[in-house]
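Listed after this line are the structures, all set down as structure tokens.
Same chain, two partners: chain A is paired with chain B first, then with chain C.
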Partner chain A sequence: MSTLVIDKAGPTRKLGSMSRDRAWALRWSYFFLVLFAIFFLTPPVYMLITSLKSSAEISAATNPWWVFHPTLSNYVELLTSNQFLRFFWNSSIISIVVVIVTMLISIPAAFALARMKFWGSATLATGVFLTYLIPDSLLFIPLFKMLAMIQDFTGITLLNRWYVLVFIYPTLTVPFCTWIMIGYFASIPKELDEAAIIDGASWLQTLLRIFIPVALPGLIAATIFAFTVSWAQFLYPLVFTTSVDQLVLPVGITTTLIKGDVFNWGQIMTGALLGAAPPLIIYAFLMDYYIAGLTAGATKG
Partner chain B sequence: MLMADVSLRKVIKRYDDVEAVRGIDLDIADHEFIVLVGPSGCGKSTTLRMIAGLEDISDGDIMIGGDVVNDVPPKDRDIAMVFQNYALYPHMTVAENMSFGLRLKHYPKAEIKARVTEAARLLDITDLIDRKPKQLSGGQRQRVAMGRAIVRNPKVFLFDEPLSNLDAKLRVQMRIEIKKVHQKVRTTTVYVTHDQVEAMTLADRVVVMNKGRIEQIGTPNELYHKPATRFVAGFIGSPAMNFIPCRLEDAGGTLQIRLTDRIAFALPSARAARYNALPRTDKLLLGIRPEHLTESHAHLGSGVESFDTVLDVTEPMGMETLVYFGLDGTPVCGRVDPNAGAKDGAPMRLAMDLNNMHLLNEETGAVL
Partner chain C sequence: MPPGMSRQGALALRPHDKGVDRSPASSFIFRQKAHSMADVVVQQGRLVRNARPRKASGLRNMLGRKSTVAFFLTLPLILLIALLVLYPAFFSLYLATLNKAMTKFVGLGNFTFLFKRETFWMVVKQSCIFAVTAVVFKALIGFIVAHFVHNIPGKKQRKWRGMLLVPWVIPPAMSTLAWLWLFDPSYSAFNYTLSFFGVGPIPWLGETFWARFSVILVNVWYGAPFFLIMYLAALKSVPDQLYEAAAIDGANWWQKIWYITLPMMRNIIAITTLFSLIVTFANFDIVRILTSGGPLDTTHLFATWAFQVGIQSSDIPLGACVSLFMVPILAVAAIFILRDVSKRGNEA
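Our next item is the complex of A and B:
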């Protein structure tokens, strides 16, 4: 029995100093995490509070951080408004199509740039990233002119149609997603595709059966990025669409709920909250699949 | 049975201006286990990858089973390869990893299952068949990688330093496993390693490479006892062969070899006859392995000469003691009996077995 006690005492003391270090590290972590949480959660909380108020209460001189007469009327009004549902629908369909288009272009492009060494592939990979660095506020005028010219030549209506955004958003999403995927594909050991090649796989089979499953976390990161960019994009839809039935959510909320100098704050906040919901849901859903270290076991280590 | 001999004819690999492989000629017989060995950067891995088809060859021909495969893609060469870092598909189970190649070729399910089961049994990994690679130890992963090669029943196995990532003990175990597997499967094998012990223990024939060229091809014993060049003599064997500057002298009708001002030995008659024609002015090296430098006995056999020296350092290894001393500034290593009384800094009388000596030209490195 006595040896058992001694055995226990030894490691406990060692663990003690270890855990003291750890405790301090944790304290600092919590301190900064709480600080950041307050910083980032204050606006949404304020939005939530405001969205539960009637217009009368918002303009009344009461404590803005408290709801005295909670009401869901803002939510009911927005969710029964065909206009708002139309914005929501436009945003959804555009974002989904853009994500699909982006993936269909980015994955093969990244695979080619990361693995099939060909003349100029390195330069091309850098070039892809550089295009992403050009701000959209510089691009929208030339893009508008281009689309106007195409429209004039072909007679196909492009401007002021929601689907024009499906062509424009990939100019933002494809370069960045390709860049992310190049990084992920490059981190896959070279021997893995050599093994696949010797096993008799074609390039396409190597991509579909080895690279995509192995780089799934990267694929999900790219998907989340493409979706977020499409969903939250403001400048391009503001420029390229004007009719109310063609608007997407961020533009729709600000253009229809602000009339002159009258701000319908309750509905603006409600609309913004509802608009933030889909990305949140998608994050929560995809995070389950976002398992880091999926390549563990492929090679040494 | 398909013939699976591999031939390389004047194979050259150039990267831009650098020649990594400089004209290799090699014939590997069916069922043979060939080991390519050499220091890093000697071109052994490049040679293997050219046989695999993972690298284009710049010049020359590679033949597998009599067919030139220079422009045949890897998948049509009927080869299987085991990589240093295993290269298992991380998202597939052991069984899926092993059957991937067969599934791509649309083999019937029953046959795939039979082959995987058989290979798993052979490699003793039947219990692991449903696990993912990350749940396996290094040795188990390497077995799976070998299983992936075996199930395809290829003409040639290619191993690229398969044991280098394993710890020393496991490496010895797996070395024996690989030998056993080859005894059962008898597939022509080309095996690359930088470890001369692996090369000696596994190979039917060893190919020693250096700077993109083949130094010597031979059975492990040939390389050990009859090295053709200084590089081979020094590379094969551990501790390495000693090279002691020396010169030939005629002394009273016999040929003798002078190591230092003080030490000169008469050559055994067979050696004397062999070296007699050499110019006495050549700069020569005496090559002698540590095991032929032992403690001196009262009755020395013919061709064994004794001399006195002072030891610098001794290393007791258990079954033997390594002794280090200098001959005119050249460090020399000998192997003596642990009970011979060798001590650091102490004088000792040693015996050199000249029947097992080598004489090398210092400038060309050729063994004379």
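Our next item is the complex of A and C:
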């Protein structure tokens, strides 16, 4: 009799405790997620808060976490300043050209490396991946010297010109984009391009009509990557460009808005927020592609 | 009769061709342009000719070959890597052996000069402290937060993941400016908040310990979301049945993590950690903007010190020499990553 009661009670009690555990685990998860979200979002939120303050309010040292007299004067000032617009324009044109150059180089190369097994193709693919691991801080000094030497030799001004960055940035974007495009292309079923070739398509037609449309998500992920990398690059423009009209946004904000010891923090934060806006907007709309590109880097295909 | 001829040509070519292919004397991809993969190529050529009976010229034939096409498709990539990555890498080896005016060969003089300088050893130490501490905390925070995100219902995960990845999306130079402002000596928002808890003003960037702490904190803040995303993707790929089986066997949460989650994620953890180690070790932006190496050069990393020595003090050979010291640890990490990535490729 007693055993029967226990048998009946056992499972229900266990189930109840488990769902209670679940509920608590969920509550704790939310609690810690909120804590971490505060940690992760404090700097951008603080940027926004400061950007809405006038310099009088900042120097009055009131509660830094609150805006008592919100004003858009920092935004108006920066967006009407020719200098800042020049930085924005330089950054935009460089990033867009770099994205185009990157795609023109890496898509054909990835196609060849994924589909045409030729002598050395495996080595080249490995080499591309290794190139991706070479950081910019290893190459900026020899590149600087190389540019100076080419400039002396040919008489073409390369240093202190924004367009030289268009040639340098692809070293950062092309290896990664090629690598993830190899993965995306390799995942396309072989039957698809075999069918195209049997129908008389050339290699170029196979690439344009089959591979690019099918691997479009990968292409978007690679494009986003190339854009954000060239938008955020700080070391190369800091080394290669110095004149105010040749600077890109990150370097421009850090070098021109900080004048000696005078920090105009309202404008600096506004500039930083505006500089962070394009990648953030792209991320807000294309988050899934962004994350796909991020996780594809460490995996083969 | 063109189709027949081409097939005969293929038969005649093949033995000769294979002989060439197997010969170890192989210079560059140029070689295979003319020779390898002849069977496939000719098959393709035959198909094209069947479709169009007009006889193609020799040049056209060569251009249609798979190996030729492949060569031209990869040529820009090869040129880019060779001219703007490989050449500068070896050029910096050469630069490191010159004197400051770059007129005289001094052999290993720059290296022995560095070994005698105290600052150099401090940079080595600080780079290692910075990279190891930052990567460990990034990995830990990423792992923990990934579990919390994985715990909550699927629909809300997207929102939280989107919010938590924001530090990774903002260009590091921009977000570091916000940190610089948060750490500001006179208007620090952190010190303002801490003063309510009776904690005195902390010299975030003024004292060696706190400056080192701050640069690591900012790096962890910037890099942890990357780990979070990688681990979250890895967590989702662990089959639920394993956890159910463990629960039936009476495993507690710790045992589930130790015996199921970690072994299943082993590879992705290794790749992410090694990759992050490379990026963190070579970091420039954060230290440059926060402290520029100060106070008293105690927060310099290889990259920032190389910048100061090579560009700002325009001693290019010494700067090249400093940055070359990054190569050994980068190479070791790269070798392990390569091993793990190819292992993953084989598993798939």
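We adopt the following convention: the second predicted complex is superposed on the first by the 241 of 301 C-alpha atoms of A that agree within 3 Å, B and C clash if a C-alpha of one lies under 4 Å from a C-alpha of the other, contacts with A are read in each partner's own complex, and residues count from 1 in each chain.
As a convention for this text, contacts are C-beta pairs under 8 Å (C-beta built on N, C-alpha and C of every residue); 3 or more make two chains touch, one makes a residue touch a chain.
Computed from a predicted structure; not experimentally measured.
Once the two complexes are laid over each other on the shared chain, residue contacts for A:Ser106 go to chain C alone; chain B is not touched.
Look at A:Ile198: by the touch rule set out above, it reaches both chain B and chain C.
Of the two partner chains, neither chain B nor chain C is touched by A:Val244.
By the touch criterion stated above, A:Pro213 is placed in contact with chain B alone, chain C being left untouched. Using the contact criterion defined above for the overlaid structures, shared-chain residue A:Phe144 touches chain C, although it does not reach chain B. Residue contacts after overlaying the shared chain place A:Tyr283 against chain C, while chain B stays out of touching range.
Of the two partner chains placed by the overlay, only chain B lies in contact with A:Pro189; chain C stays clear of it. Chain A has more of its residues touched by C than by the other of chain B and chain C.
The interface of chain A with chain B overlaps its interface with chain C at residues 197-198, 200, 294-295, 297-300.
Note for the complex: chain C touches chain A at residues 21, 26, 28-29, 31-32, 36-37, 44, 47-48, 51, 64, 66-67, 69-71, 73-74, 76-78, 80-81, 84-85, 87-89, 91-92, 95, 141, 144-145, 147-149, 151-152, 158, 160-175, 177-179, 181-182, 184, 186-187, 189, 192-193, 221, 224-226, 229-230, 233, 268, 271-272, 275, 278-279, 282-285, 288-289, 302-303, 306-307, 310-311, 316, 319-320, 323-324, 326-327, 330, 333-334, 337-338, 341-342, 344-345, 348. Listed in rising order, the residues of chain A touching chain B in the complex are 189, 191-192, 194-201, 205, 209-210, 213-214, 294-300. Across the interface of their complex, chain C is touched by residues 25-26, 29-30, 32-33, 36-37, 39-44, 46-47, 50, 58-59, 61, 63-65, 104-106, 108-109, 111-113, 116-121, 124, 126-131, 133-146, 167-168, 170-171, 174-175, 178, 197-198, 200, 202-203, 228, 231-232, 234-235, 238-239, 250-251, 253-254, 263, 265, 268-269, 272-273, 275-276, 279-280, 283-284, 287, 290-291, 294-295, 297-301 of chain A. Across the interface of their complex, chain A is touched by residues 52-54, 73-75, 79-81, 83-91, 100-101, 104-105, 132-136, 138, 141, 148, 152, 165 of chain B.
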